[in-house]
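Here chain A shows up in two complexes: once beside chain B, once beside chain C.
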Partner chain A sequence: MRDDAVDVALKIAGSIVRPLVYTTLSLPAVIVVASSFTAGDDLRFPPEGFSPRWYMAAFKSDMFMGSLWTSTKLAFVTMVLSLTLGMAAAFAIDRRSFPGKHAFRTLTLSPLIVPMVVLGLGLLQFLAWMRLNQSFLGLLIGHVLITLPYVVRTLNAGMVLFDRTLEQAAMNLRAPPSKVFRRITLPLLAPAFVSAGVFAFVTSFGNITLSIFLGFARATTLPVQIFAYVEHNYDPVLAAVSTLVIVVTLGMIAIVEKLVGMEKVA
Partner chain B sequence: MPVADATRSPVGAGGRAAARSDPALLLLLLPPLLFLLAFLVVPMAGLLRASFSEGSRPYDVAGFSLQHYARLLLDGYYLGVIGETLLLGLASAIISLVVGFPVGYSLARLAPAKRRLRLVIVILPLTLSLVVVVFGWLVVLGRNGMLNSIMMSFNLVERPQRLLFNRAAVLVVLIQQFLPFMILSVMSVVTQIDPALEQASANLRANRFTTFRRVIIPLAMPGILAGLTLVFILSASAFITPRMVGGARVQMLGSLIYEQVTSLLNWPLGSAMSFILLVLTLLLTMGVNMALAVRLTSTRAEQHAR
Partner chain C sequence: MSIAQAGSAPAPGALPASPADTVVSLCDVRKTFGDFVALEKLSLDMRKGELLCLLGPSGCGKTTTLRIIAGFLEADSGHVFINGQDVTALPPYKRDTGMVFQSYALFPHMTVAANVAFGLENLGIPRAERNRQVDDVLTLVELNDLTHRYPRELSGGQQQRVALARALALRPAVLLLDEPFSNLDAQLRTRLREELRRLIDRVNITTLFVTHDQEEALMLSDRIAVMNRGRIEQISTPENIYERPATRFVAEFIGRCSILEGRANGGHFVSKAGLRLPIDAAPGDVTLIIRPEYIDVASPAVTGIVADARVIATSYFGALTRIQLSVEGESLMMEKHFSAGRKPKVGDAMQVVVDPKGIRVIPVSAY
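For the complex of A and B:
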């Protein structure tokens, strides 16, 4: 391979850009975690001393703990519903032929390309007409809507790799369909289920753009609470609460990494 | 006339007959279909209707008027906001491509063991709550933040500078959030490119740059375009970031919609803004898809010509 000036320049540029990108991508999370352990009274960098006092403050705050619970509950129910609906859609797309299949697939994926602020206003207006606004149900509907495309896409990707002769073999051995589904289909699709479920959970847990339209006083999710708090206050308790969000998110990613491997998600 | 139908278009009628005689399919299809119709299609139709309404309050949907669109498309202020939104979206997409391509490319060529940690770093900003990411940037760029204290310790500046509440800050934060989409879509296409092609090109005495330009870039084009569209759509519809990082100085369409809905309570105007945003992003997506289709068919035609 010839090495000339352009190549050297490319190599150098690449070796500068790559570390810079990785640093920038992790910077906000790292800084938040680092400044959450400050002993001082305000958010500054470098933090003053080391103390868990802001975590104590966060755990004592009903406001933050209440919204953490709301977010967790919402993310869990969203995950279950989204997996159920998504599994039905993914099976229909993968296994059946029906008229309008392409349109159906596009429809299930389309919440991804509609700007979330547009979805938010549309849903808010619709829920208000149905008298469902300011309800946990409304918030839940919105979250299922935005997680559904990820679930369908991940499950479909898993089904493409699925060897269907295994099911046929089980049926040849006279296993009833329910048993084939339970013993063959589900275990083989388990990795896709895990990644789809985790992705739905994490997306719902962290969502702010839609929750800010659909949330209300009695169901404030943690991201919305952080957003509302930061508009008027700016203190290390926010860093502690944000670190909790980072820990939950990283924990969920670790589950996928452990069970499935990062390669499959990306 | 099912029989006549069957003779005319066997495929379509066969499919329809299958749908009718297949209760399992209906069971699979109906729940997601009804859900999406009720909570995606109907609300979007309602939004379109509201954008043409005469009133200017929530739920106030009556009559037909173009006043909201006229106000948005004739007023210099709103046109400026639309322009700024498009500009920030485009800048974010293009810069993401320039810095994201080398990262996506190198990830695709790395051994899986080395890839792991890097992939976690790339995926974290996508899965982490936006508000936490933006809050992290407030700590980095704030008056007592990391960047200011670094600059002061090197005596680059004497007192803390205001790094937040300007366009550059918004752009940096938008890029950091959406760059992972670019990296992942470049990575996924480059993984499909056989390294033997690069070796062949090198054997033909092409330098790396030529190989890059003539072999890698054309083959990676679908991933590049997918990344560009995604980053553009997400950046152009941002509203949390401009609000928290840009303050009153940087107005984007998304933040105006949010303001119209939550504080000014002019839902019909907000609906019209939403549709303008939706149409702009959809047009771009369609344009890119069409360009891609034309490119793919033309290269195939060229191959046939040779």
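For the complex of A and C:
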């Protein structure tokens, strides 16, 4: 009887808390998207009327479009590099036994543990020492570093589930290792690669802390640009640009959903 | 009485006796995993066209042997020959073997046809010829109407046939089967077993077959190598393995039997409990093996060694009833059909006859 009472209580509590959580999670995005379509001059919710004018303004702004391009370029190159390095690391962790393997594994995940501000400060000093500060390369190194844990983790999860008998079967059918990798391993690990790539892209695209530390005038990423803009202005173009960021991110997640299903990734 | 003849394993270190007739030859292959000795100086010859079965309990080294032949494992020492060529140092993709994996290992992202074509593609066979050969081999396994299906759309039995077709497509020197029936239910297993035997006979391919199922081994094999703890206990025909087990392990692993330990002396055997049986063997400690079908209920029609027995336990299997008997303190097992109402009950006294032809003598040194 007592258990039943507890169950009922938890059930009621759950039905109250759940909508609250979902609302709190989605409300900011909903407000931003809604206010981006305002016809008025002020950023406010609820919006006044409906108009795409602030999107036109955003598309015409060299500042925002330039930083959108920078962010996209940075996220893409970060994704490619992170996938390449992450694949090597994940394969080593999955298939080789070497001294310090456990430590190596922890090391690849460590950028997740170090606070981003500390990482940014450390990288700033390190890159200055390397004479790589104020360079796209420096920014890129930073972004690869913070995306690598996601890539290694996602690829490793995919590899653990991969049936290596298939590689043996291919070898038994006279396929040399390069062909086994190309025709068997890679296609079957494709879902893991796609999700790892999307994680890398989205993480890099949305990052602000590291980009503030490592960015410079000619390489201002979109989140940094929005952050800088909002200090002095407060108009609906911000909402329009932010909505673009949401759309890009959602688009990438939709790709994962379509290709592998989000539940396998998260 | 002569001791059961073991199959002729080659002398240690010997190269295959007649390379022309020997397809696979293992010479003194040893394999360890850390402290565990998986194979202890194993030597084995396979003749062209034969179906040889490696039979043994799990951990006996049978799968290790198969994987060493395929090249997935490297032997610590010793040599592997395929068609007279020393392949010990060759990688799997340079060895002329076709393997059917226990899990079948079909490529999930390829259709049935693409799975079968994969090996032919690696051999560089042109597309038209490749397609023809894929058709041929899929017809052979009666799957030519499923060419565009994916493995996940096939039943277990169909998957097994695809795996077999994929291995056969390359016409390998030796077909390697790793417990190919273990993933199927009992009924299907029996049917596919017969199908497999017919298929292998038709393509006349040298086949090495790994199983822990004695029934499978007895039914399918030309020869059986019974393995235990990394060694071959006996290699011979199924009949010899069953009727003339070379060691106590073989006798106990294959079929059922009564085992009597004791001493042979002057034409007699005296068991530890005191049961006396006339045998013809050199004096010394011996073990007697008696298969249940050589023990019968005494009647004027059967001749042999008559003994008084008491029924200890019975198990009914329909066609047969297995009866555990106590004969002068020793336990003997009999299997016989009893008509309705005639089945002996526990505690019954009866006279039994042991057929002297059914008594196998194994010197204690043989295990």
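Structure notes:
Convention: the second predicted complex is superposed on the first by the 261 of 266 C-alpha atoms of A that agree within 3 Å, B and C clash if a C-alpha of one lies under 4 Å from a C-alpha of the other, contacts with A are read in each partner's own complex, and residues count from 1 in each chain.
Going forward, a residue touches a chain if its C-beta (ideal position, glycine included) is under 8 Å from a C-beta of that chain, and two chains touch if they have at least 3 such contacts.
Since this is a predicted model, take the numbers as computed values, not measurements.
Once chain A is used to superpose the two complexes, chain B occupies space next to chain C without a clash. In the superposed model, A:106 lies in contact with neither chain B nor chain C.
In the superposition on chain A, A:163 contacts chain C only, with no contact to chain B.
Using the contact criterion defined above for the overlaid structures, shared-chain residue A:187 touches chain C, although it does not reach chain B.
Contacts of A:175 after superposition: chain C is touched, whereas chain B is not reached. With both structures placed on the common chain, the touch criterion links A:28 to chain B but leaves chain C unconnected. Rounded to the nearest 10, the angle at the Cα centre of chain A between chain B and chain C in the chain-A superposition is 90°. Of the two partner chains, chain B is the only one touched by A:92; chain C is not. A simple residue count on chain A separates chain B from chain C, and the partner touching more is B. Measuring only between alpha carbons, the smallest separation of chain B from chain C in this overlay is 9 Å. Common to the chain B and chain C interfaces on chain A is no residue. Note for the complex: chain A touches chain B at residues 1-4, 6-7, 10-11, 13-14, 17-18, 20-22, 24-29, 31-32, 35, 42-46, 84-86, 88-89, 91-92, 96-99, 104, 107-108, 110-111, 113-126, 128-129, 141-142, 144-145, 148, 199, 202-203, 205-209, 212-213, 222-224, 226-227, 230, 234, 238-239, 242, 245-246, 249-250, 252-253, 257, 262-263, 265-266. Of all residues in chain A, those touching chain C in their complex are 163, 165-166, 168-177, 179, 183-184, 187-188.
Listing the residues of chain B that touch chain A in their complex gives 12, 15-16, 18-19, 22, 25, 27-29, 31-33, 35-36, 39-44, 46-47, 50, 58-59, 99-100, 102-103, 106, 112, 115-116, 118-125, 127-140, 142, 144-146, 149, 176, 179-180, 183-184, 187-188, 202, 205, 207-209, 212, 233, 236-237, 239-240, 244, 254, 257-258, 261, 267, 270-271, 274-275, 277-278, 281-282, 285.
Against chain A, the residues of chain C that register as touching in their complex are 70-72, 91-94, 97-99, 101, 103, 105-109, 118-119, 122-123, 166-167, 170.
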